[in-house]
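A, B, C and D are the chain letters, set down in written order, and residue numbers restart from 1 in every chain.
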Amino acid sequence: MGSALIDGLFVFMLAGFIGFEVIRRVSPLLHTPLMSLTNALDAIAVVGAIVLVGEHKSNLSFILGMIAVVAATSNVVGGFLITDRMLRMFKSSRPTKP
Amino acid sequence: MGSALIDGLFVFMLAGFIGFEVIRRVSPLLHTPLMSLTNALDAIAVVGAIVLVGEHKSNLSFILGMIAVVAATSNVVGGFLITDRMLRMFKSSRPTKP
Amino acid sequence: MTAEFAGNQQLIEILYLVASVLFILSLKWLSAPSTARRGVLAGEIGMVLAIAGTLLHHGIVDYKWIAIALVLGSGIGVPLGLVQMTAVPQRTALSHAFGALCVTLVGTSEFYLRTPDVPRFMMAVLSMEVILASLTFTGSLMAAGKLQEVLPQRPITYRGQNFVNLGVLAIAIVVAVFLVLHPGAKELFPIMIVVPLIFGVLMIVPIGGADMPTVISLLNSYAGLSAAAMGFVLNSKLLIIAGALDGSSGFILSVIMSKAMNRSFTNVLFGAFGQVQASTAGAKEDKVVRSATPDEAAGILAAANRVVVVPGYGMAVAQAQHKVRELYDALTKRGVDVRFAIHPVAGRMPGHMNVLLAEADVPYDKLMEMDDINSDFPQTDVALVIGANDVTNPAARTDQSSPIFGMPILDVDKARTVMVIKRSMNPGFAGIDNPLYYLDRTLMLFGDAKSFVNSIVHELAGNTH
Amino acid sequence: MTAEFAGNQQLIEILYLVASVLFILSLKWLSAPSTARRGVLAGEIGMVLAIAGTLLHHGIVDYKWIAIALVLGSGIGVPLGLVQMTAVPQRTALSHAFGALCVTLVGTSEFYLRTPDVPRFMMAVLSMEVILASLTFTGSLMAAGKLQEVLPQRPITYRGQNFVNLGVLAIAIVVAVFLVLHPGAKELFPIMIVVPLIFGVLMIVPIGGADMPTVISLLNSYAGLSAAAMGFVLNSKLLIIAGALDGSSGFILSVIMSKAMNRSFTNVLFGAFGQVQASTAGAKEDKVVRSATPDEAAGILAAANRVVVVPGYGMAVAQAQHKVRELYDALTKRGVDVRFAIHPVAGRMPGHMNVLLAEADVPYDKLMEMDDINSDFPQTDVALVIGANDVTNPAARTDQSSPIFGMPILDVDKARTVMVIKRSMNPGFAGIDNPLYYLDRTLMLFGDAKSFVNSIVHELAGNTH
């Protein structure tokens, strides 16, 4: 278990580093879409909930899992949808290169 | 074993990403020190060699390990030394802030 | 059988690895408008791969209910993805609440499935997960309520409030520590959910509606951290990565906002900043301001060579962005060079103005960041401020006693002529007077942003006939 | 006992985690001169922690020999850390060889300790490790030899060479595949070491001495990848991280160099570029060049307001950097604005000129990157080219038939006056004529860079008396 903890810490540390490096460079123009995109990505927690529903190990875990899947899926769908809607609005006045 | 492979791939992928993000932003001014510094860091392979010498599981592994420790240690010491020597040379004409 | 099982397991892991790569690329590509949509696509593919991989999970016996839940969730998600752009702040808060709800429920299930057989480190991570997630849940709901104006925007404060709040949080932490030592005490677990739920409410009560964006970002960060903690519990690297990315994103955005407002985190969380609003407002009636009518304003704009438009919260409230776009078109057609100066905290959300103007089809290369445009104001004929206030207040540069002293502002006062569209002499979010309005070269254009801009556009159209 | 063992193991892992963080910070801080030394310190602390952690390893029974080896290694390392700045390229190559040697030997030991009990995936990674490391070992030694001019610099080519080389590499890969399928066949293992050792030599034979820098960077990348592979074998995340960082660093530097030379990787590796050198040299004797003496040059420099110095490989060879610094001092004292234009591939190593000039105490904020200074040449009175050639060749801009066409160059020819210090009309590394020398406003200053600059400095000193 201890080793899984350390493994996890390695991954967390590296991913946190990437997060800082990458997000610091997102143009302020796109800070609103950034919020909705990270929101959608974070809803990956749905995978944990899917397993709970699918395994049906107890009634409690099944019911809580169902609610969790619904909540997270709405974030996935809504998050990607609104991000893309916003981004489609951003247009340059210069003609784009072919 | 398979899981250790995947774990390793996760770490490799994340670290490679960090490498690209961080190194792309190193000022060209410092490309020579960069080469010697990564060299020194890469000599971390010495840890594998130290275990071989210390465990002394076979004569072959002991002898190869000894040579490996010597080679890698020379990189560690030499690499850090020359990097720092180079960096000490870089001076700004503006007085540094106190 | 075992070989097949192991093979399956490995395939799942590889799909998760690919999904992680795609998530990182997704954020990387979001950094510039030209690649941003590719970023969304990468995120979507990653998500599909991850969910597909999860469905291969060996323990899954029942696909029907999963399908039902996915369909239900999508049904809720679609309208949430189609809200008006002006409702984006509360939508974001609501989705944090949903995300945190999911993490709370999964954490709770995991605890009851595993108790009393929970190793200490696992219990510690699990406690962190559910505490963070449940306070994020109610906190985000409160924030959404304040932003949607279902709840009172005004901060509610009383003496010893911080003491009470931190006391409540302390209870949750004590229970968590006890559970780490005695993971079998499952009757205590609900306390660790309910207490942070209460804390989430209490935490938002003293914070003004206008401080919500910073709070939302911070809650974003908490949501990410709790998801990462869930990744530790489920031993899922993909979750850890997504959580860490989300956590750092929220954190960075809150830092950017705090910096642009020249305030500290503590000040936002405990300062009840919005309260000042009432106190200083309405003074200084003696100073003289000059105002102008739409046709005068249209004349000045038509005669200018270079115009910089400074949009602010008032433009968002009035939903004036489409009219502003018409004004931009009318002036551009006459050969006037029109650009927009976007302050990092104009409006009520990072990037708020950019999204609104993009919605109205203003080309994004006309939207200038503060640092890039500030040096151009002295060569600007007209600075047209539309519903912005604090972000143009020169007191931030000069008046040491001002609460916004030191906050970087748009140097609108250096333009040859300044015109300000707002409804009254009332102050903006910071609740302070703006010396800009009393300058000789400033003209106040009193009225609602949307209708005033509309009148200017009509005048300009009339003039061309 | 077991608890203590597990505790130890965990402590080691935590030390490795901290070391990884420090390694990443080390590279991050290296990005700017102001934080670079802190970066070295972070790297050093990380290294010490990692080694200390390793010594806690439970299996270690014998510390004496470890200590001896560490002392011996340090004894070799110190002189390698104190070489002249001009010898840095070959020192770098040599240290790649040492690093690769270490990885090869550890990989070999691991194989013999574990055979025949090596899982397939482990054997695959192990094969990759030793193949990459052993070809890097001999390849780097060859590169060091060519740079130190112990070996002939000239590329040696023959028909079908690439075919032979790739054939040799193929043998190693076939053996590797066989070993993956039959990890017990330990008598085949030496083949997988010896063949890549031979390949390493063959690979460098056809590459010209001046292409070594790109090759060294590529070998750097291989060394990193082999260390990462070793990390997979030993299941050490720290090694995987360090290897991935080193691997990406080498790769990025090679890409930067190739781009700045407008050549592809394949061209560097298989092109035998240096060969052209002899063929085109020495032609065009009919065109007229104007030359000048040190005192004429000193006069022109003293009369200028803005001077840009363009150093190149010739300055490095002549070790003229200290004299150049004296020239900089003399001119600056007279009120002349002197800056240095550094081309990304001037010299024979990325950042070569920067290190040499820094060694001579030239302030680094006077060293301008190509993109920043190119627009200033038209306002420059004198461009003083010291031992640079290809990086100033205007044919790269205009002459489509030139082998360097398309390579970005320093626009020296746009300066009001150009002065070029070199010993003869011989071409530079690319082996081609430089139209710059035949311009009306160009003065050739024939002589060794060090002594010619010295003469100018003397003349300038004489004039002030």
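Quick note on the criterion: a residue touches a chain if its C-beta (ideal position, glycine included) is under 8 Å from a C-beta of that chain, and two chains touch if they have at least 3 such contacts.
This one's a predicted model, so the numbers in the text were calculated from it and none came from an experiment.
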Set of chains adjacent to subunit B and to subunit C: A
Weigh A-D against A-C on C-beta contact pairs and write down the one with more. A-C
Could you work out how far the Cα centre of subunit A sits from that of subunit B, in whole Å? 34
Mind checking the centre-to-centre distance between subunit C and subunit D? Centres are C-alpha means, answer in whole Å. 46
Could you grab the centroid distance between subunit A and subunit D? Build each centroid from C-alpha atoms only and quote it in angstrom. 41
Note: subunit C sits from subunit A at a C-alpha centroid distance in Å of 16
Which subunit B residues reach two or more other chains? 2, 7, 10-11, 14-15, 17-18, 22
What residues in subunit C touch two or more of the other chains? 24, 237, 241
Mapping chain-to-chain touches, which pattern fits: line, ring, star, complete or other? other
Interchain contacts, given as pairs of chains that touch: A-B, A-C, A-D, B-C, B-D
Subunit A to subunit D touching residues, read off their complex: 2-3, 6-7, 9-10, 13-14, 17
Interfacial residue positions of subunit A with respect to subunit C in the complex: 1-2, 4-5, 7-8, 11-12, 15-16, 18-20, 22-58, 60-62, 64-94, 96
Could you please specify the touching residues of subunit A with respect to subunit B in the complex? 7, 10-11, 14-15, 17-18, 21-22
State the interface residues of subunit D toward subunit A in the complex, per the touch definition above. 6, 9-10, 13-14, 17, 20-21, 24, 237, 241
In the complex, the residues of subunit C that touch subunit A are 19, 23-24, 26-28, 30-34, 36-37, 39-40, 43-44, 46-47, 50-51, 53-55, 57, 59-63, 65-66, 68-70, 72-83, 85, 88, 91-92, 95-96, 98-99, 101-103, 105-106, 108-109, 112-113, 119, 121-122, 125, 216-217, 220, 223-224, 227-228, 230-232, 234-250, 252-253, 256, 342, 344, 349-352, 354-355, 358-359, 361, 363-367, 369
